[in-house]
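I have a structure here, written as structure tokens, and I will follow up with some questions on it.
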């Protein structure tokens, strides 16, 4: 009972009574079926960000459809091995690849490794034993994957990669992480006036894009001697990221003298969402947050003028998936000479001024 | 809700018997205070140590902040305490947290009222408990394996429900104020989650410590055979323990959703290991190595202050795990060594092997 | 196999009514496994191809070896989860051993010395566990603490960066083979045979079961409970270390933090072994079978084209199915 009272204090009286009758669940379920009266009355503003699965449709405006005129994939089997589908980038690519391949009449076998390195290798091996016509690997790390990728080559199966440079890959689709890394770092440095102290979530050194972005940060900061990365660097976690990052930042803010931190950097958005939640309620902290990936939650915060979240980078995830599928189709359709080694899709740098425009343009 | 009513009905347990049963497990002569003081002393040492190393550590702002950071772990660990007290374990409590957070975040995102999101969230948490109870009591699958399987299934269900693991983000204007208050409200300058966690802990603590149901749970956990002989309905008690555990987990999940303003898959399981640690640190407070809510909270406090202190000192996360592990080992080893130095000579070894044996004998007579 | 011999001292405290059980159901665990694998074989022509099978075995090796270590701990400590034997640090130990080996190899130590260093660290962690447990700590807690320590040391040693581990022995472990059997499978086979022999055919093994099932009776019978328990954790540490070196070789790098990723499957494999024993006790051959089954499950589901989101659920449900079948066989303890 007391559990219920703790929040009944904050919820409506009707709720309180219903619960006390002990029929809350039944009531809720019935009402759920009957519908709208359970919903908050909402102003007509467009719903945003309930996660990518239900994201508003809308194709990248600029690019022409890369799939126009490519050979059909009918009768072809394509395996997909994603390192994880925890964050927006890999999940959207993962799903869009499947949609596009099926759209061209191909068969898909999709696997994802829950961010586990050994599972990623096992998945690639398991895909290979089925002798698909092509395998697409989303993210990964040359160090651990190369032996398995070499086997793919030796078995005569075509290998394609997304955001993962590998010597065995026929084509890698990427938005150029060197560009992303250096531009974010440069923006950060310029925004804080070329001097100050920053906190850094030390990414996942094992994840290639994160490693590149971090190295680029270091390279850029070489020319900004006034900017110092505070010690220690902070931990990134795959599980409970937001809450964990929030705790770490709360603690760091107490540890460091007020006004010490000028910016926080991370190679992806999710920890910074936690960081923003730690910083925004406090007063007098002028801290700017920079991430990558354009998670819907991060875009919401950037769009909020009161939030410390300053910038992120949107990648054309759907476009990247389409480009990759187009390359697979060309390659398997005996037009391999049309497949470039690397397909670059320009990243879009999001800041507080262009955020709404970018969301509109990219449909995110 | 139904759970809380059960104990009143089905408790024919003779009171005197429950009292006598427990002390049999561990002989009286080791009823020394020293080993039981380890956790409090460790807590004091942590407070003292970090207050010397960091000027802000003992500030009111920081301590209150830490309490807020610990609230969810405290809830999860409190739920786990109930199940462990009943002689089981629930590795799937993180799933209850996650599913509850998922359900309530999804409903809020979909525009439902706060109370609907909260009730359905709790219901999803409870659902995990129902499955656990069915497996453990109905099918008699050992709790460890049953809840481990539910963990696997639960992570999968999360992925399926979120279209492959998409986080749910709640944008500011769409979150009803009641829901936001649940995780981010303040009551007279105290973080609301601290109040919620404290009330739940108080409630569960009272339930376990003072009610007949609590005693039945204890007897069921410690002397299942005796409990059965004395006419306790073990099955019902076990079921209620698992349900209560998941309900508390679900409540933690709803708060998590409100606090993080959304849902990230796999958030709940991150609390499991710390919760287990906290529960068993708490057991050192008891003469009978019995887990209890106050003990669990002490364990949570130790973990929370330790990690806060290490952050304040600026220790790299490389070394933080080492720090936690060493403190945990030190606390427990000291407890053991102190009880060894008691007059009773061979104490420690006998004590070590007395405990499991008590269970073996109990089983033989089944 | 092991069971017949083990009846002698171990049975004093064992509650299971062995004779009443119908002999047919005794094989139920295996039955479900064969059924599931049969469905995979029918559903996908690739499943039974040697290439695929050897890849499944290869994937099972790491979990099998570490699982054997854990099984020894559970056998010797009793299978009560709260009070009995458990080694939560086995995953982290494997990760640390891999990192230490890789760092040592990178620092120019020979392959053999690098591996020995890694295994020595693993054994030391096992000894720490063992010492803590015989001093009277709950294994669950002691190993939870060492898990944190090992994870942390892993970060420190590797600097949170993947450390390459390639060439020589490690290359052979990854892709070498003898008579068509992948090297890692051979390591698994050797580890399994040696442990099975030690547990089932030596007095040490018989005593371990005795200690695990009724420590009082065992100590009355003159067995050194403490020594057996201590040894079981050292063995678990060493086997965890071997698994870690194997895993790092397989990935051609030591991956920091990988210990936490593999722990759950190791625990699963060791506990599932009960299903493959007539007396429903944790055992070595069962652990190996369970490791192969779990690897085969993920592989088979992928071959059938089941979306990966379903694999976890399918894994859980099938494991429950196997367990439920076993329960029908009549486990009737108080728990």
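A, B and C label the chains in the order they appear, each numbered from 1.
As a convention for this text, contacts are C-beta pairs under 8 Å (C-beta built on N, C-alpha and C of every residue); 3 or more make two chains touch, one makes a residue touch a chain.
Keep in mind that this is a model prediction, so the values were computed, not measured.
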(request) Would you mind naming the chains that touch subunit B and likewise touch subunit C? (result) A
(request) Return the chain pair with more inter-chain C-beta contacts, choosing between A-C and A-B. (result) A-B
(request) Let me have the rounded angstrom distance from the C-alpha centre of subunit B over to the C-alpha centre of subunit C, please. (result) 28
(request) Compute the distance, rounded to whole Å, between the mean C-alpha positions of subunit A and subunit C. (result) 35
(request) Could you please state the distance in Å, as a whole number, between where the Cα atoms of subunit A are centred and where those of subunit B are centred? (result) 33
(message) Residues of subunit B that contact two or more other chains, please.
(response) 159, 164-165, 317-318, 320
(message) Residues touching two or more other chains, restricted to subunit C: which are they?
(response) 160, 309
(message) Can you list every residue of subunit A that touches 2 or more other chains, as numbers and ranges?
(response) 112
(request) Flag every residue of subunit A that touches subunit C in the complex, lowest number first. (result) 107, 109-112, 116-119, 121-123, 125-127, 129-131, 141, 143-144, 146-147, 202, 205-206
(request) Quick one: which bits of subunit C touch subunit A in the complex? Just the residue numbers, please. (result) 44, 46, 49, 51-52, 55, 58-59, 62, 160-162, 164, 174-175, 247, 250-253, 255-256, 258, 261-262, 295, 298-299, 302-303, 305, 307-309
(request) Write out the stretch or stretches of subunit A touching subunit B in their complex. (result) 1-7, 10-12, 14-15, 19, 22, 24-25, 28-29, 31-32, 38-40, 42, 45, 47-54, 84-88, 91, 94-95, 112, 231-235, 237-244, 246-248, 250-252, 254-255, 270, 273-274, 277, 281, 295-297, 300, 304
(request) Would you tell me which residues of subunit C are touching subunit B in their complex? (result) 13, 15, 78, 80-84, 88, 132, 134-138, 140-142, 144-153, 155-156, 159-160, 213-216, 219, 225-226, 264, 267-268, 271-272, 309-317, 319-320, 323-324, 327, 331-335
(request) Name, in rising order, each residue of subunit B that touches subunit A in their complex. (result) 1-2, 4-5, 54, 56, 59, 61-62, 65, 69, 72, 106, 109-116, 118-120, 123, 126, 159, 162-169, 171-174, 176, 178, 181-182, 184-185, 192, 195-196, 199-200, 202-203, 247-248, 251, 254, 256, 259-262, 264-271, 307-308, 311-318, 320
